[in-house]
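What follows is a set of structures for review.
The two complexes that follow have subunit A in common; it is paired with subunit B in the first and with subunit C in the second.
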Partner chain A sequence: MSTDKGQVERATGEGTDLWRLITAPTIWAVHFLVCYVGAAIYCEKAGRASALLPVTWFVAATTAVALLGLGLVFLSLWRVRGFSVVGGDLNYLGNTPEERHRFLSHVSMMLCVLSAIGVVFVAMPAFMLGTCR
Partner chain B sequence: MTNRPAKVRRRPSGPARPSLVALPILLMIVAGCDGPQSALSGAGREATDVSRLFWVMLVGGAAVWIVVMGTAIFAVLQPPRGARVGNAFIIGGGVVFPVVVLAALLAYGLSMLPDWAQSGTRLKVHVTGEQWWWRVAYELPDGTLVRDANEIHLPAGEPVEFVLTADEVIHSFWIPAIGGKMDMIPGRTNRLVLTAEKPGTYRGVCAEYCGTSHALMAFSAIVHERDAFDAWLAGQAKPAVVADSVGARRGRDQFIAAGCGGCHMMRGVVELGDVGPDLTHVGSRRTLGSGILPNDRETLEAWVRNPDHLKPDVAMPGYAMLPDADIAAIATFLEGAK
Partner chain C sequence: MSAPQTSLSHVDQGDPEVRRGQEERLSAVWATPKGWRYWTAVNNSEVGLWYICTAFAFMMFAGVLGLLIRVQLAFPDNQFLSAEAYNQTFTLHGTAMMFLFAVPIFEAVAIMILPALLGARDLPFPRLSAFGYWCFLIGGIFVCGSIFFDAAPQGGWFMYPPLSTKQGGIGADIWLLGLSFIEVASIAAAVELIVGVLKCRPPGMHMNLTPLYGWYVLIVGGMILFAFPPLIAGDFLFEMERAFDWPFFDPERGGDPLLWQHLFWIFGHPEVYIIFLPSIALLAMIVPTFARRPISGYSWIVLSAMGTGFLSFGLWVHHMFTTGLPSVSLGFFAAASEAVAIPTGIQIFVFVSTLLMGRVTRSVPMLFAMGALAIFVAGGLTGVMVAVAPFDFQVHDTYFVVAHLHYTLFGGMLFPLLAGIHYYFPIATGKMLSRRLGIWSFWLMFAGFNICFLPMHLTGLLGMPRRVFTFPGGLGWDWLNLISSVGAFVFAAGFLVFVWDVVRPKRETDAATRNPWKAGTVEWMLEMPPKPWGSRTIPKIESRYPLWDDPEFLTKYDEGRFYLSDAEEGKRETIITSVLDAQPIQCLRVSGPAVITMIAAGMLGASFIFATFHWWWLTIIATLGAMAAIIFWLWTGTAQHPEKAEKDIGLGSLVPLYISGPKSTGWWAMFITMTGDLTAFLGVVFGYFFFWTVHEQFPPGGTTAPGWQWPLVAGVLLLAAWAATWGARVVNGRGRVGLARLLLVAGPVAAAAGIAALVAGPWFSGLDPTEHAYPAIVWALVLWTALHIAVGIVMQVYCLARSVVGHMTPVYDTDIWNVALYWHFMAFTALVTTLVIGGFPYVS
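Up next, the complex of A and B:
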């Protein structure tokens, strides 16, 4: 047995969590691509002098979806956080599935925050620029 | 006897106080921030914007650095106060503060992006990057082009639109004191609007590696008052002047005979080739070899004899085989072509 009784009691989940780790940055990356490719296609078709307003709305909608997705991932990880670093019972040396799970969950949660900041920064130009130029 | 050193005396090695050395070095570096090629000297509206942006970014970056480092050092020095206080510091100093400052800087930078509307009335200057020189043409309101090379003249206080492209490889057009830079890309036209403010002579450079003599590809940017600019442009539109002397006329004949016209346009004298810089008014240029050499007799002769020596891999053959007298005559002729 690699986990003792205490470990089982404070178990928060299992699995490698690698998918959850890359979900947030993936949302960020997809948001980036959708915004920039969308704006590029629109501006190419509409001409350099045309107004950016449709792009602004498009980016706003994409951003809302991205932030919603990040929020959901964040919430699912927040529950784990309740037990993790601030729980006071984190076994820093414990090379156990439970400790790995908590650590990766915490990292994923911070990546959520980082990705949300990234998404907002990516979206900002669409709200500040007036035309395709 | 032993050849071991008897006594190792500690010599005071190097200057005692680093600050005493740092000061002159710092002064030297700071002194380099002024002059004809400085982005901080603010001789153009766009350069002033860029230098303001630079200072704002510097202050913002310094604030982030100080707060983050300050929080970290504070955390190390303080006795532990529990997770709640710790988290507040990490999130406040390490996340919220930098994010807010960076967002403000991003917004400020974005707000400075120019919105270049097309304008029919603006002076247009077409500049094409060549290896390794600049093909220049001033577009008059009626659409005619006045051709020149290796020098840019601008009227002070007016927005001027640069229409930028390149011949074979990517170059970049930059007059740090006035504004820029903008890439010049083969098959593409990039636009850059600059407003020179203070009359004077500034230095522009190619800011994108473009081959062997990239570092030897510069130009002078001369900002005139409007009247002086108009006079200059009118002069530039005229065909080449052949000075009224035996030497200059002989030089003109030699210039034609040697085949220089196969590459160089010399309006009114030979109008054949267009591979090299327009030489119609080469005598009035401040520099030779695109901004790298003084435009004097000695350099002219040296250039015609062996340009590769002055500019490695240059696309102009040397004429060292011509008799000295012919080269001297060509130099007389080119010097007179004001």
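Up next, the complex of A and C:
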């Protein structure tokens, strides 16, 4: 972990707020609902014996969009890449808006990772089953 | 009370005379009322204490019911309880533990300690907390009391139809209406706590310095807003079916019992985490104190609490694995149920690593914390097992699930809570609990719990189903049940030791010294015993553990060298800060003792209780009484004009005494309440589309009733009412008061006409709500929207009246800001309702 002065003093802005914090998990939630509702409606209307293939493609497409969204959010937060202003670590003990921004950016970025894992988890069943039964 | 001073006293904090004067004024302003008026108190330290005691009283009541269950099941073919008495007993055991203990105790503890953790004098809406408490007390007594009249609900704590829609008696109605009423208290608490964490942090407490308990409270408050409303929507539909025969859950008339299961578990599963997170939050405060080091991985805790909060909404169908849903649906929910173990596990690892990296001191709170972790890990692991659908098929509705859920609740909620009670007891009472009794009670409870519930895993795997009032001998269940029953009583003995420790008369030697645990967080700056004013002065925060990091902190606190060290004007005050970086933006005057909150809660409670017995006239009278009380409360207690525009709060900060719009606490409260309300509305809309999904043809027979014409008229009128309200806010702010009043006359007229048009559609097309689920759900949407618009009309007229008498002016315009915000939500509600009922039949 670097405590290099140049890095610590690099201004990263103050923009990350609580809305940004919930962006990634919200993408997970929307992905989850779209997959579940889409599959439920399809299976209810098409009958239990029907092949699941359309659902598989639908889930694949939704998952691709969700992962793309999470990737974009991740990249925007990656640009901050700010260790703590005061400690050069991930403890974020400083008392400035800049430090709060770095802290929230770090947490939001980690939530992107968690949400991506969640998205992949949720997508898996659609690839493992063959019918609506 | 000494004469109000207008001169600034806080410029000379070095003078003991000045400080004594300040303390006298603070004492007078924050004094707890005496005599019977004690019960009119609204301060967080009183309301929080009542709340905690009441929740524990309900818990002990439900605990006795649990013991009755264990007595009945101790031996095969036991005759101790009849089948019906047993059904009432286990239903009320689960209901009371969940709704009257587990959720309210979170609100209770948070109301009690959150202001201290934030160095605030009180939460922003003390009367709302008191109102919520009285609602909780009345509703809880009503629900619990029913068993003494042999009238308790007996359909299980989740009230599944068709059993509970067909059951006679008023048990199910008591459950539905009693709990709906208590949900009012939960949402009130959520509003109070979210605004508390976002806006009442002390100056300098940036989001990254906020105590972890604050983070958890914020997340759980948000979860309540999305979890409880679907249950309110479900209760609304359910009670309409029971009282008026609208067949939402009756398959013979197009309804579907599974709709209830969805609405119930969309609430029910997040609720488990709503219970778990605030309790684990107590551990996040306790563990660093006794590890004698800062928490290792603060940001990981925030991330995992947030992740758990979200993922917990993707688990609800795992309670419905055996209802015959398509495998792919089960798969989605099984996957999410496994995924939630990741953030949950992170929190446990952070605690363990903090302990490993610190130098742990032994104490009773740590004992409970360690016991909690051990039990919770076991419960979490069986949770991962039952999240796997095929395993769940085998153990569904057996005692394995009973064991699992008690392990998660005891480990995730009860033991951390008891750790927290031991830890924070000095802040509530100024006394310490006994170390010796604490160790006794812990080991009795820990052993008793495991003796009771560990064998149940096996009982369940051997096939014993839940909710049976007795069982035949010789199936291999006999001795396991007997062991469980013995364990239950050992646990109860341990709990009684704890209760005795709390209520026993305390001696001089039990008095707490200041910061008795040598903690680093800000709440331990309080004097012992704590003063009614809460914080002597509202501190300026520069680190996460100010008591460890700043050796001068306590001296500066004692000398009142921070903010608001005086109450010059004789008013109760606290500081409002900005959301992210906690810059002071307002000195908020909070309300003092009041009877009106009790009257409002009593009236509202009466209306729910009368509705249980279908005494409709009395219900209407009580509802109008409750509205009158609330309007009186708002009129006399809110949005008061301060005597000056700004106040010097110390440390060179000059802040306004009155603000309106998105920076104010009232606006946030409205926004949060309406977010919850919107979720409930979407629950009803979900019902409509759920029926569309499960029916071959919906609306049935291709009907287009109620037609598009009336809904269109209604939509236009209601949007006009919204525009008028919004316009009134804008023009009033620009000083054109006359035009604003005109718009506030036009608004209610358009809204009333809109209600009429909304009702006219289904009315004139002859939709009979008792005939089929389709007309029933259309009427449900209309009824929901119409009632909300009616409340919106009251608000518009309220603003008009405030404007006419001069309470609302272009400068003091918080009323119209908040009402306009309400109407933004109404515009959306009206738009969705009219589009769904008027438009959807043409496109489906």
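Just so we're on the same page, the second predicted complex is superposed on the first by the 112 of 133 C-alpha atoms of A that agree within 3 Å, B and C clash if a C-alpha of one lies under 4 Å from a C-alpha of the other, contacts with A are read in each partner's own complex, and residues count from 1 in each chain.
We take it that a residue touches a chain if its C-beta (ideal position, glycine included) is under 8 Å from a C-beta of that chain, and two chains touch if they have at least 3 such contacts.
Just so it is clear, the structure is predicted and the values come from calculations on it, not from any experiment.
Should subunit B and subunit C be called a clash or a fit once both complexes are overlaid on subunit A?
They clash: once the shared chain is superposed, the two partners overlap in space.
First (subunit B), second (subunit C), both or neither: which does A:L18 touch?
second
Going by the contact rule stated at the top, is it subunit B or subunit C that touches a larger number of residues on subunit A?
Counting residues of subunit A touched by each partner, the higher count goes to C.
For A:I117, select first, second, both or neither according to whether it touches subunit B, subunit C, the two together, or no partner.
both
Quick one: classify A:A49 as touching subunit B (first), subunit C (second), both or neither.
first
A:P125 contacts which: subunit B (first), subunit C (second), both, neither?
both
Would you sort A:G38 into first (subunit B), second (subunit C), both or neither based on which partner it touches?
In the superposition, A:G38 contacts neither subunit B nor subunit C.
Superposing on chain A puts subunit B and subunit C in one frame; which of 203-211, 239-247 or 275-283 is the clashing stretch?
203-211
Which residues form the common part of the subunit A surface touched by subunit B and by subunit C?
Dual-contact residues (subunit A): 117, 121, 124-125, 128-129, 133.
Mind listing the subunit A positions that touch subunit B in their complex?
By the definition above, subunit A touches subunit B via 49, 86, 88, 113, 117, 120-121, 124-125, 128-131, 133.
For a test of understanding, state which residues of subunit A touch subunit C in their complex under the given definition.
Those residues of subunit A that touch subunit C are 17-18, 21-22, 25-26, 28-29, 32, 35-36, 39-41, 43-45, 48, 52, 55, 90-97, 99-100, 103-104, 106-107, 110-111, 114-115, 117-118, 121-122, 124-126, 128-129, 132-133.
Would you tell me which residues of subunit C are touching subunit A in their complex?
Interface residues on the subunit C side: 204, 206-209, 294, 298-300, 302-304, 306-307, 309-311, 313-314, 325-336, 338-339, 342-343, 541-544, 579-581, 693-694.
Help me check something: in the complex, which residues belonging to subunit B touch subunit A?
83, 87, 95, 99, 102-103, 106-107, 110-111, 113, 115-118
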